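Each in structure tokens, the structures are laid out below.
Below, subunit A partners subunit B and then partners subunit C, in two separate complexes.
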Partner chain A sequence: MTAAAHPARFRTSQSIAAQRRFADRLATVILWGCALAIVVLLAFFVGYILYLGLPTISWHFLTAPPSEVEAGGGIGPEIFNSFYILILTLIFTVPTAMAAGIFLQEYARPGVFTTTVQFCAESLATIPSIVMGLFGLIVFVSLLRWHFSAIGGALTLTILNLPALMRVTQEALSSVPNAFREGSMALGATRWQTIVRVVLPSAIPPLTTGVILIAGRIFGETAALIYTAGVSVSPGKSAFDWGLFHPAETLSVHLWYTHSEGLIPDGAQVGNGTALVLLVVVLLFNFSARILGRWLSRRLTGA
Partner chain B sequence: MISASPTERTSQSSKLRVEDLNVYYGDFHAIKHANLVVPENIVTALIGPSGCGKSTFIRALNRMHDLTPGVRVEGTVVLDETNIYEADLDPVTLRHRIGMVFQRPNPFPKSIYENVVYGPKIHGLRSRKSLLEIAERSLRNAALWDEVKDRLHQSALGLSGGQQQRLCIARVLAVEPEVILMDEPASALDPIATSKIEDLIGELKKTYTVVIVTHSMQQAARISDYTAFFLLGDLVEVGKTSDIFTKPKDKRTEDYITGRYG
Partner chain C sequence: MYGLVIATRPSRASLNESVAKAVLLSACIVVVAAMGALLFYLAIEGTRLIFADHINPFVFLFHTTFDPDSREPGAFVFIAGSIFVTLFAICVGGPFGVAVGIFFSELAPPRVSALIKPAIEVLVGIPSVVYGWLGLTLLAPLVRTYLGSQTGFGLLTAGVVLSVMILPTVISLSEDALAAVQTPLKEGSMALGATRWQTIYRVILPAARSGLTVAVILGIARAIGEALAVQMVIGNSAVLPRGLLNPTATLTTEIVTDMGSAQPGTILQHALFSMAFLLLLIAMALIVFVRVALRRQV
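Showing the complex of A and B:
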């Protein structure tokens, strides 16, 4: 075994090595730049909204009812309605979507039924929200004669978000290693005990993320609500209108309405203020949901 | 009968009796007409090259294949007097009597204590005092107590691989099974952790019937009383470990243990 007997060893030439180093650096710079661009964009966006919206913000603006024709209206009921419809929608969506997701991921065997459900959910997810809004208008507003109502809006948003949250649940469950399920079943646990005690607690972080994303969509949803929850609030009521069958204009609908349809002279300012409040409210919700998720996860997994 | 020697023990009644067992993955016939008697309070090792079906076989003994779509099991496995594949038998109750330790340690993402008492809790035990007692006894029997007694409420995922595997054994002991199945329990561990697991198995057979899959013939020789050799889905030969390793009857067994089989 002499060195000569060995075929010539393959070595990278100087120029190729330099090229590779250059490509590596270039990639680093580009990727870093893209990441930075996202931060800059967000900062600019938030800054601009702050700049436009801050002058409008006052205690009066945050609590007073909106005005139809005169200047100086507030957005008190809209803030409440945004949360009210969000909570209602989550109450309808989370249990249903999670149950469906758990069934498909943990119980259903692959087959025609599973494929059909999956296909329907994916088709449902691609329906534009304005179409959902018109569906809500026909079913909840006209057929059921609920007129513009908080519950009609919430149910429309439920249909809109069910498939996405079901998908999120499936993904979250599939991220839990099968070894946990086997370990639990091998100790004599039933499938349900395994899901409740091992699988779901391990899936809390991705589930939290999913619910937060869905909640963000619900907060920001406009088109599906214009024809279902309406563009007005009950006159004469306080900011906290718990009536399920009362019209319930949300922040994002109000933003759209004041800018495009409204008659008030200070529509632009009210719109800017509304945008700022909407942004802050979404951020606050995200932060608190994340903290709650982390607490739950630590509580249930002891990690 | 108080100090029965291994030879006397083997004359005892069988704990598990496998008769004409067949396992199919779709069209693939993974276990072909296997017959095996597992005596009580004895370690039985299942050896053979990768893909020979030994893991498939052991997973048929506590109906783990039920959980995987597309797997079909035929034949009978008799635990004491009951065929575990009888239609009206509840696999959940069965797995209470036949515990299993897996190849890779799989502690739940919970505290050490919660891992050990998981089994007793799902079977309905609520008393905190008895749960604590069970936790301590199981961890002692799994030779882990001294290492974890001061951090019972910390996450089990912070333990080393060997400790995690002993925790998984403690978790099985806590439900007080009669048979413990182990599927290559030391293959993901370093030599020191492996020897701890092997010592532990030697202790366990005093109280439990152990069936262990191993890819290491040395390990089978060290810890088992009986050995069964699998090849390409056939259970080729079974006998006392000393006989299998010194005077195998089948040519294929001899080729394998002498290293002539790939």
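Showing the complex of A and C:
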């Protein structure tokens, strides 16, 4: 029974092929559409936030202290606090996470301990940041009686971001070819010497990119800070409050607070301006991560 | 002479070696200790409702009236709210994210990838309050105008915001899962005359099943734990929603809304800690699911 003897059936198989081709093209179009939609969405978000926020931005807005009840408050202390808490968090997070990441990648053998560490890191990475905030509230605010403080907020963010930075470290180290390690060890270097002199220098570009991207995330973190660093800034003229144990409302917390609890009449404008500043800083972090990473990898590993 | 050199040099290096190893090891112990402390303190504070206030856990889990002042801290509305918004987010954001993951791993020319991937990294970096703000100023008015909702706040608005927020997680994890499918499998399918879509649909997606499960589970974890963006647009009323346009509340939004005014030692505060503990248990359960899914892969 050949296909020619049954024209009807032959046509069907041809139309099935056409159908398949059509399905293939349709899928291609849809998949491209989804990917482009992401870019359009992002461009739209950025454009919209710019459109909303730009009228609010002024030197006064960026430097003045916030206002509780009247219009015309600024976000000066919030900008400072955001960077202050970010730096504090990085001081705690980077060494700890890198050390843990190096251990897991270079020393650890599969076993109960490694599995436990990995399970704990994964769990920490999945725990909602508001839950982390309540943990900070229990430990730093109540138990240690630090009340709402910059240091309490930074330590909470440290725990929250440890796993992400460990992951970055592990991935950066695993991108270094094993031949480098073998060569170094063959020359008589110990494991630690190999790590410090050979492995880490080659892992610097991805590490830098990863740390800056995580810094961007720390900068925008909110839920973990509301009940640890608080929703107020120290009263006073200066925007720079270095007090570790003073309450330190950050930009993102301010945006939330203005909307949810704030009493100021110009809340919408303040919110728009704050959202814009947050977005711009995050974009800057992203661009600098990319540019610095590329520059470093050209300087350190390139020709 | 030689013996001396050999005897002293390595011993100093090996001392460094063991010090370094101990320091690195202690960092790992910090991670374990942090998780242990988290579990310990939240378990203590989260069970005070049962052991100090003698509230039946059944009441907490299944009662729909949340009135802590009259010893009725029923969190069912919040649990249901969390489940609803998460389901919405994963039903909308999940397929969309997987589609973009397929695009990156199977279709995208390298140049296009290099253009779109940074955009996704920016989406990851946008703070959740900014997503909330977008939902508040952009989406809620649209819902109000076109869908006839009174406030524009509710399940739908929160679900859409969450769908966008889980995209980066789902995209990058599903891309990894799909890229891990071995090339011979794809080539075999193409060689049999399958179109690219047939190969994706019949060969690649089934082969990447467990990795895609992980992507979806971690998307769920992200959605269920998100607090502020949802709190800004869900309407925050402790009632079961009758439809997509009705305001409701979730576990996370309820914590954010009421923790500030909860006096220490009250049933309200204990109930909020119980919700946090519940969220912690959910997160850990999801991680166990991920581990199971990954083990099945091998």
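Methods note: the second predicted complex is superposed on the first by the 247 of 303 C-alpha atoms of A that agree within 3 Å, B and C clash if a C-alpha of one lies under 4 Å from a C-alpha of the other, contacts with A are read in each partner's own complex, and residues count from 1 in each chain.
The rule is simple: a contact is a pair of C-beta atoms (placed from the backbone, for glycine too) under 8 Å apart; a residue touches a chain by one contact, two chains touch by 3 or more.
All figures in this text were calculated on a predicted structure; none of them were measured in a lab.
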Partners on subunit A (subunit B, subunit C) - clash or fit: fit
Partner chain in contact with A:Cys120 - subunit B first, subunit C second, else both or neither: second
Most subunit A residues touched (candidates subunit B, subunit C): C
First, second, both or neither for A:Ser202, with subunit B first and subunit C second: first
First, second, both or neither for A:Thr222, with subunit B first and subunit C second: second
Touching partner for A:Val112 - first (subunit B), second (subunit C), both, neither: neither
First (subunit B), second (subunit C), both or neither touched by A:Ala179: first
Subunit B versus subunit C as contact partner of A:Val69, first or second or both or neither: neither
Contacts of A:Thr190 with subunit B and subunit C, given as first, second, both or neither: both
Distance in angstrom between the closest Cα atoms of subunit C and subunit B, superposition on A: 6
Touching both subunit C and subunit B, counted on subunit A across the two superposed complexes: 190, 193
In the complex with subunit A, residue positions of subunit B that touch it: 62, 64, 67, 69, 92-96, 99-100, 102, 104, 106-111, 114, 118-119, 122-123, 153-157, 168, 171-172, 175
Interfacial residue positions of subunit A with respect to subunit C in the complex: 20-21, 23-24, 26-28, 30-32, 34-35, 37-39, 41-42, 45, 48-49, 52, 95-100, 102-104, 107-108, 113, 116-117, 119-124, 126-132, 134-135, 137-139, 142-143, 159, 162-163, 166, 190-193, 195, 213, 216-217, 219-223, 226-227, 231, 252-253, 255-256, 259-261, 268, 271-272, 275, 278-279, 282-283, 285-286, 290
Contacting residues of subunit A [partner subunit B, same complex]: 109-110, 177, 179-190, 193, 197-198, 201-202, 300-303
Complex contacts: residues of subunit C adjacent to subunit A: 13-14, 16-17, 20-21, 23-28, 30-32, 34-38, 41-42, 45, 96, 99-100, 102-104, 106-108, 112, 115-116, 118-130, 132-134, 136-138, 164, 167, 171, 195-198, 200-201, 218, 221, 224-228, 231-232, 252, 255-257, 259-260, 264, 272-273, 276, 279-280, 283-284, 286-287, 290-291
